[in-house]
């Protein structure tokens, strides 16, 4: 039976801020990586985030008086738009629509095709969606592609001495996130809810730099890249 | 019983191209106009178009190989995002979600609240959606807010001698659109499908300049502004 | 990969007016043609129209005061009834229900089975549904089975000198439809909306006489029968 | 609080067999009766059956090899078409669409409008649908309008000595139906499943001749007409 | 083509009353039987009933004033919970969710996997659901697993002289059920509605003792166990 | 305009463990409290948890090999069963069904009735559901009814010296939860995700002892009972 990996692709990876354009070239490269990996005994679920266009719409909505929950809802629509772009790039190998609930995700996964999705519900990050998808599909790994090359001991922007963590337990990473939260506003590299879900089902997580799509290929091939978050050794 | 008017708001009216920002100020003004009009024995259905963000996503999707129907689908998601912004601005007087089918529109309308929606199906413009909504709700008028102040005898950009039409029958306007189509690529001011729907149900249409929200107030108050398209006199 | 063809079967082909009976024999013959064609590397989407039973219900509804949009809705239910008959005749090779939205159509198509459907939304003809289905599925051809053997230069009932067109561009056929419209009430052989959709995606259309099911077999086998509508040569 | 009555209108009452036409005049009269009754402290749920058009489509489907369950499904679509006609005739006082599940029925009922529906599921008669609707809505009465003026001690067509029953318990009527079943093929005046549902919730049923719409007005006004089926006295 | 068998598993078989625990061991054995049978050219649809947990919730609901229809609805939720347990035990061979309508059942069946479901609608027993599912899927047999080893000439609890019936026609069994009903309150071994559905489609039914899962294996293998209900010989 | 309060009722409050019975008496008392409060300018959304029956089903599912996400799904079904009981007890004042998504919640809330719901999605506690519902509905308060009389500085079961907190900021409570987590396995009084949602929208939370329904009446009337969690003073 095929093994399943869930990949979370940060929305900011898909958008070129200065020119206000979508990075179709990079999307095409991701699609190529996914199609090739899926050919090698892998079942892939790809969860796409919101990024800059989400921020533009959410800022406007907040300015017009939207509740935070409604802002989330609007952000979810953008994640689905981004997911459509990925789906288009993947072509016929992909399941032909974007699951809007976990029920629809189960149907999609059972077709054995590449599945692409965005957010699901207000109050839930796309990290958490990816973690739940990993649980539901019995995934052996979750990969999170973002714009830094792993998790650091502190926010590298404000702590130049921060060091990249090669490997750590969920517990240790939760510590790091918790400390970062207290010090520096939200150091929002990773949603702790996602981490707890992965922890309870003992699914490892690899956080990688997705600005180079080849890093994704490496992570899917099992190479040690970025930061690996894993169950406690003794457990 | 309340009378119903359907208003189509062009998506380009909501977006400031150069700075790449949503026009929250203008959206707030529209909302104010709609709330006040709805207070005066009117039931309003507001259909919002896609505009520039739709174009950005559709261009990206087409570049990635999407079919035209899929491009439409992506455009529809953007119209719904735009509709959410309007809904937020309208606040508690509005029906709390965006109908995604005519069935849901009927439910929404039967609550007597302000209803906001975007597109429905590929191959169907938001003009056509507005026209169908007008039919289904027994509307007495459809207003189309765009960025010119009415329909001209030819495309004013390429024909400086073109004159604004104050009033004409559906038949005459279809002639104008047909001629414009042959000469100059698509002069896409108005979807002929929408016009035919309005014609079969004899619902008049007013095309106005929506860059000034007060024009909408005037059109809703029955003032002669822009171009009026109406049934043949003799019919 | 299989190629896709979309077939529109006019509802009037399924109903014997004088005796008020459904033509089960002919439906069985169509089914036989479709099953055999689908065996030869073809993926088929069959869109069925309304015909006489639709007219009976629509006339009653209009007499009771229904809006045109509601009449369309009622007509759509009849097209789905007709689609069920076709589905029953096709047996196990067919996808087991009638898509009621384009989303459901995508799911159906992705199973690689014979798909049967009727109308989708008020204000949209089944011709237009078939054209959109052709776009969404990347079809290489649409076939329209009706009760005349092609498109004529004018309505043959009122213009005995009218000649059948063997082959023409979308543009030329739109001209013919437009002229027919002006002269003679609606010469409703073909929905111009469908034609524009096919034009934008450059999908050819063949209009054939479906009273003989073997004509369908010929059209599916690529034989030159009826009228072919195609992109401009130079394009 | 308003009281609820459920009315089952037999589909054969809506259709003129010989001319193959829908009885729009009679539908309009029913609608008038329903609108007036609903004005008098009554909440009405109207369940419409299939009649002759259902038979035409079901016979065709069975001829093409449909399972009985599929035939039921097709019949259900016709009951919904008939329900649409009634809904159109009722106009603005009616809930604007046809509930397709009991969940949707609950939503409809909670709006306090006239609700019209057809069948729900294969294997379930519209009599049974009406009985369930009566239970779910806490109705105080179900009325069944058919083309005989009540329940007889035997099938009056084959037993001229049969007598009309003025009033009886569910138990007694089940006896009559059971005997009729054994003797004479199905004497299908009434679905025993419906009767059992009414019995368990102690909702009385009145069976009346609906060919004269005024009989419905009488039944809704509480006049003793047709046959009354009621709980056992001692219970 | 695979043949289809529908199995109804009584909810009381899954629950140990005294200790208030679900019988996970027995569920695992059923799952084993189903997985093996499905490997041998069989397509299986498994319909699970409610049992003791349904009674606990229904009693509470009735005590709080729920209508009978609502009690049914609550019971249906429990049948779906039970169905989820079975689905979990079946693992990857099973369709990944519980059909909540016949439409969803058709989709599920068309995947050729093991399908598990519970109830569908108030007023309809899970016996009736299983019978409809048998019709819709063209099943060649329905098996009902309960806690007695077949149908007796009378309720064996109150009639010690009652004898087990090896084989009988639908008609004869309906007689038995009818007599039992009159004498002794509801002798609710079997829903007559289910029997009538099986009768109209001539699908035989085998009633077996499911407390030993191996009996199910025997019934699926075609061995003569329990009571067989079948069409009349002459028909 | 009415103010909104969201009440979370712990599932364990509804179930008597030893006798394995639902506490219908207590449910009736809650309903009485809710109906009276709703009469006083309050709009109420009641979110019900799972409790012991959830645990029984989840344990069985886990024993059969269910993923954690599936266990959550099963737990959600139980929360909805519990919600149905509350809904039944509330009677006609309640919205007639259980929202299964935030979209459905918005519809329910817009009817101004008492709304009852359970869980929504795997990986999301009913605490989090209640917090999101509070955000979406613009609630001024969330009340959590559980079986202790507030939040303590440590788990009172293992730390006899722990003291009840009368009032604290979200930040301070998150500290307490975090410390509890490290020391003593999960001190799962409150889902931190819920707290973060309330924090971002500045909605205060009151945690009370719900074993006495009158405490709920007090909390709804604004009396200082249990623990109040509120925004930072300076913010």
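Chains here go by letter, A, B, C, D, E and F, matching the order in which they are written, and residues are numbered from 1 within each.
The criterion applied here is as follows: a residue touches a chain if its C-beta (ideal position, glycine included) is under 8 Å from a C-beta of that chain, and two chains touch if they have at least 3 such contacts.
On a predicted model such as this, the values are computed, not experimentally measured, just so you know.
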item: Rigid-body rotation angle, subunit E and subunit A, from Cα fit (steps of 5°); value: 120
item: Centroid distance [mean C-alpha coordinates] between subunit B and subunit A, Å; value: 37
item: Separation of subunit B from subunit F, taking each centre as the mean of its C-alpha atoms, in whole Å; value: 44
item: Distance between chain centroids, defined by C-alpha means - subunit A, subunit D (Å); value: 55
item: Residue list for subunit E, restricted to those that touch at least two other chains; value: 70, 73
item: Chain pairs that touch, as defined at the top of this document; value: A-B, A-C, A-E, A-F, B-C, B-D, B-F, C-D, C-E, D-E, D-F, E-F
item: Complex contacts: residues of subunit B adjacent to subunit C; value: 67-70, 73, 101-102, 120-124, 128, 131-132, 135-136, 138, 178, 192-193, 197, 200-201
item: Subunit F partner contacts - residues on subunit E that touch it in the complex; value: 20-22, 24, 27-28, 31, 53, 56-57, 60-61, 63-66, 70, 73-74, 77-78, 80-81, 84-85, 88-89, 91
item: Touching residues (chain side subunit E, partner subunit A) in the complex; value: 92, 95-97, 111
item: Subunit C partner contacts - residues on subunit E that touch it in the complex; value: 1, 103, 106-107, 109-110
